[in-house]
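Same chain, two partners: chain A is paired with chain B first, then with chain C.
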Partner chain A sequence: MKNLFTKNKTYTFISVVFLIILWKAGSLMVSSEFILPSPEKTFFSLIQLTTEPEFFNTIGSTILRGLLGFFISFILALSLGIFAGIQEKFRAFLQPLLVTIRSTPVISLILLALIWFNVNQVPVFIALLTMFPFICTNIIDGIRNVDHDLIHMAQVYRIRNKNIIRHIYIPAIMPYIFSGTSSAMGFGWRAIIIGEVLSQPTYGIGTLMQNAQTYLLTDRLIAWTVLAIIISYFFDLLIRFIEKQSITWKQT
Partner chain B sequence: MSIQIVNLYKNYNDQQIFRDFSITLQENQISCILGPSGCGKTTLLNILSGLTNTNSGIINGLSGKIISYIFQDPRLLPWKTVRENIRFVLPEQDKKESDEKILLYLKMVGLSDFINHYPNQLSGGMKQRVSIARAFIYPSDIILMDEPLQTIDPKLKLSLMKTFLKIWKNDNRTVLFVTHDVDEALILGKDIFIFSHPPVSIKNILKNPLTPEEKSIDNKHFFELKKKILSYLD
Partner chain C sequence: MILLVLFFCIQFTSCNKSQEKTDSVDVYTLKGPSAISMVQMIDETHTLKGKEVHFKIKNEPLQIRSLIFQKKADFAIVPTNLAAIIHNKKPGYQLAAVPVWGTLYLFGSHSEISNWEDLKNKRIHLMAKGMTPDVMFRYLLKEHGLKPGTDIQLDYSFPTHIELANAVASEKAKMGVISEPLVSMVMHKNSNVKSIMSLNSEWKKVTDLEIPQTALLVNKNFAIQNPEIVSLFLSKYQQSCQWINENHEKGAQLITKYKILNNKGIAKNSIPRCNIRFEYAEDIKPLINEYLNTFYQMNPNIVGGKLPDEKFIYKK
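And then the complex of A and B:
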């Protein structure tokens, strides 16, 4: 098992190196720093970004917006999702709303949000709307897939409803919550940055990406992109870590 | 007090399972229902445990009685260890002194070394033994059993039935055991009811005359009785 793991890590490393070589080759062929800067120039830009006074404000603002959007959508999805999972009629009512939100182009949401909200609220609103359907749908599925045989067993043994929820429903939907959160975050970070590009809040990765693009600072644009990928990856790892900590029985 | 079911009617979708069905189950005894699959055996257990409603009928002798149920499948919570699974069903007041008791019952089913294992680390037979321990440790008046030995291999089955009888003798709880296996019925049952296809009627009631020594598959009396029952089952 450990061997396989290290072997996989080797392949991940090879994949990253391959991508950088491809990038370097591309930049040599294009030979224009405006169109495709070299990896090393981008790397230096990245290092330079971190030394700029606004760096932490920028990163922090984007992350804060993402987390705020996530927590609001999580609480909303949890309460509505649990209710919809139990109540068939409410589920029938909620389902078209979820499909509509999920099918609406992100750009439409942003353009509307720009009319409705101030620039700092737009990315949060976008994050909320893109993440909510993922988490909510997963929670509904989780509740509907709870093993009714276990519930019947608990009823025969006269377990109180409070304990049925705590010891059967909640552990059963945990994996669904984690997988919903993971896909929601994946989409969420991208949506926030699009929101920032268009709404231009004072601090935000999207704001600075837009600036870099305007002045053709392609190396800075890619450097911010790399940072955005790192943020998204970090939160994905964090979710997996929390999942591993809380769902111990699956690993035995 | 015995459990009496009188004039029971029960339909499932369009099928009539019970039509004016009556049965009396003796207290502190293992009653066994033997019949083909799909003959409403599980339905009867679900009615007694309150998981299924009747269309009409009277059930006497169940009010205030506490039931434990050994299902066809073990129905253990996958996220709880063996110990936690058993603790889960115990009433609040019993939880404090439960650890010793859990260990004692797990010893009886031969699983004391697996107390901290999760269900996915146990074989099907082991899980079913946990569910048997759970049913006995629960302070019930009646134990319902729905073919719990079906998934267990024949060699283990016999030893498990002996374990079952050994634990049962401690408190002689009222047991209703449902099976389609004649051997199981003859080893465990005192009163053996033979059910027909639905709508269910009792084809035959047999008082099991076998002594503990005769309860062995290679015994002559056992074999003759088995042949007789198989002829009723057709």
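And then the complex of A and C:
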């Protein structure tokens, strides 16, 4: 088992190296720093970005917007999702709303948000609307997949409702919450940055990406992209870590 | 990975296309003062030395930027600072002439404002962060001791000219910085909207210089192969710029004919405010350098990291 794990890691490593070599070859072929800068130039720009005075404000603002959007949508999704999971009528009521939000192009949401809200609220609103349907749908699915016989049995044995929720419902929907959160976050970060590009708040990764695009600073544009990927990846790892913790907690 | 493969596919297909470029003279201009300055030429000049001339009017400078990189344009109009960025990043185009001299206005429905002090704690809408209207306005703010973010709020939520013009017309944006002829258009739509300041005259007060705002670029290879066409084009363009200033009535007709504006009255009012005057770049080199240097001092990236060298200017 362990052997297999390290073997997979080797392949991951090869894949990353392959990608960088391909990138380098591409930049040599194009031989124009502003069309496709070399990986090392981009790496230096990345290092340089982190030393700039506004770096932490920029990264921090984007992350804060993401987290704010996430928490609002999470609380909303949890309360509506649980209710819809239990109440079939409410579920039927909620379903069209979820489908509509999920199918609306992100860019329409942004263009509307630019009319409705002020600049700093736009990315948060986008984050909220893109993440909410993912989490909510997953929670509904989780509740519906709870073993009904088990609940029935618990009721027969007169186990208190509080304990039914704690020992049957919550453990059953946990995996759904985590997978919903994970995909919601992956989608959410991208949406936030699009929102920032268009709304141009004072601080934000998207703001500086647009700036780099205007001035043809392609290395900086790619460096910010790499940072956005790192942020998204970090939060994905964090969610998996919390998931692991909660499973061990469940088993003890 | 997929992205990279895709990148190469697109790169190669576009290379092939640019080789197939037809034997015509392709001119790209911007909707607004630059198109107005060219309108007589658009109407009359269909061939030059036997080659067909195609004029195309685009909405945004960035659309023209990509046509320049694909070498599809023989002549192209862009803001002067963008011309410098292009020259510094990928030489191949030269600045031949400056046809438009400052057409930006601060305007809106805040009628009580008349000087810079009044702008304190107000919200002002700008479009396209980093482009001419934005950097020019920021420069003037700095010169008047106003700090964006603390003394004054700058808002970029309407990203293009047209969106910002509509926002000011509907008073969703109380104040904005925008170019003619949209200023005239909005003031015509909504009589609450007034012109508050001409950035042109404010700039003159501070720097004692005029604004060589717009650049006519010529493709260097095209110019080497067709020097006669280039000089003919430039003299026709110079005539077109003179003609529009002398013929407001007929000019307005052509402006609506080529759909630069859709109202003759507005077009007529806006012509004198467009500040059209043709100057060969070679004749005004020091002025262009000083203009770019002002931006360079603010942030070198505005002109592409460094001041452009000698080769930037096309020699007649």
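Simple rule for what comes next: the second predicted complex is superposed on the first by the 248 of 252 C-alpha atoms of A that agree within 3 Å, B and C clash if a C-alpha of one lies under 4 Å from a C-alpha of the other, contacts with A are read in each partner's own complex, and residues count from 1 in each chain.
To be clear about the criterion, a residue touches a chain if its C-beta (ideal position, glycine included) is under 8 Å from a C-beta of that chain, and two chains touch if they have at least 3 such contacts.
Remember, predicted model here, so these are calculated numbers, not experimental data.
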First (chain B), second (chain C), both or neither touched by A:I230: neither
First (chain B), second (chain C), both or neither touched by A:R158: first
Contacts of A:L19 with chain B and chain C, given as first, second, both or neither: second
Which superposed partner A:I107 touches (first chain B, second chain C, both, neither): neither
Chain B versus chain C as contact partner of A:I168, first or second or both or neither: first
Touching partner for A:Q200 - first (chain B), second (chain C), both, neither: second
Partner chain(s) touched by A:L216 [first = chain B, second = chain C, both, neither]: second
Chain B versus chain C as contact partner of A:V119, first or second or both or neither: second
Residues on chain A engaged by chain B in the complex (per definition of touch): 149-150, 152-159, 163, 167-168, 171, 247, 249-250, 252
Residues of chain C touching chain A in the complex: 1, 4, 7-8, 11, 62, 85-86, 89-90, 128-131, 149, 155-159, 172, 301-302, 304
Residues of chain A that touch chain C when the two form their complex: 19, 22-23, 26, 30, 32-34, 36, 114-115, 118-119, 122, 198-200, 202, 207, 210-211, 214-217
Touch list for chain B against partner chain A, complex: 49-51, 66-69, 71, 73, 75, 77-80, 88-89, 91, 117-118, 120-121, 138
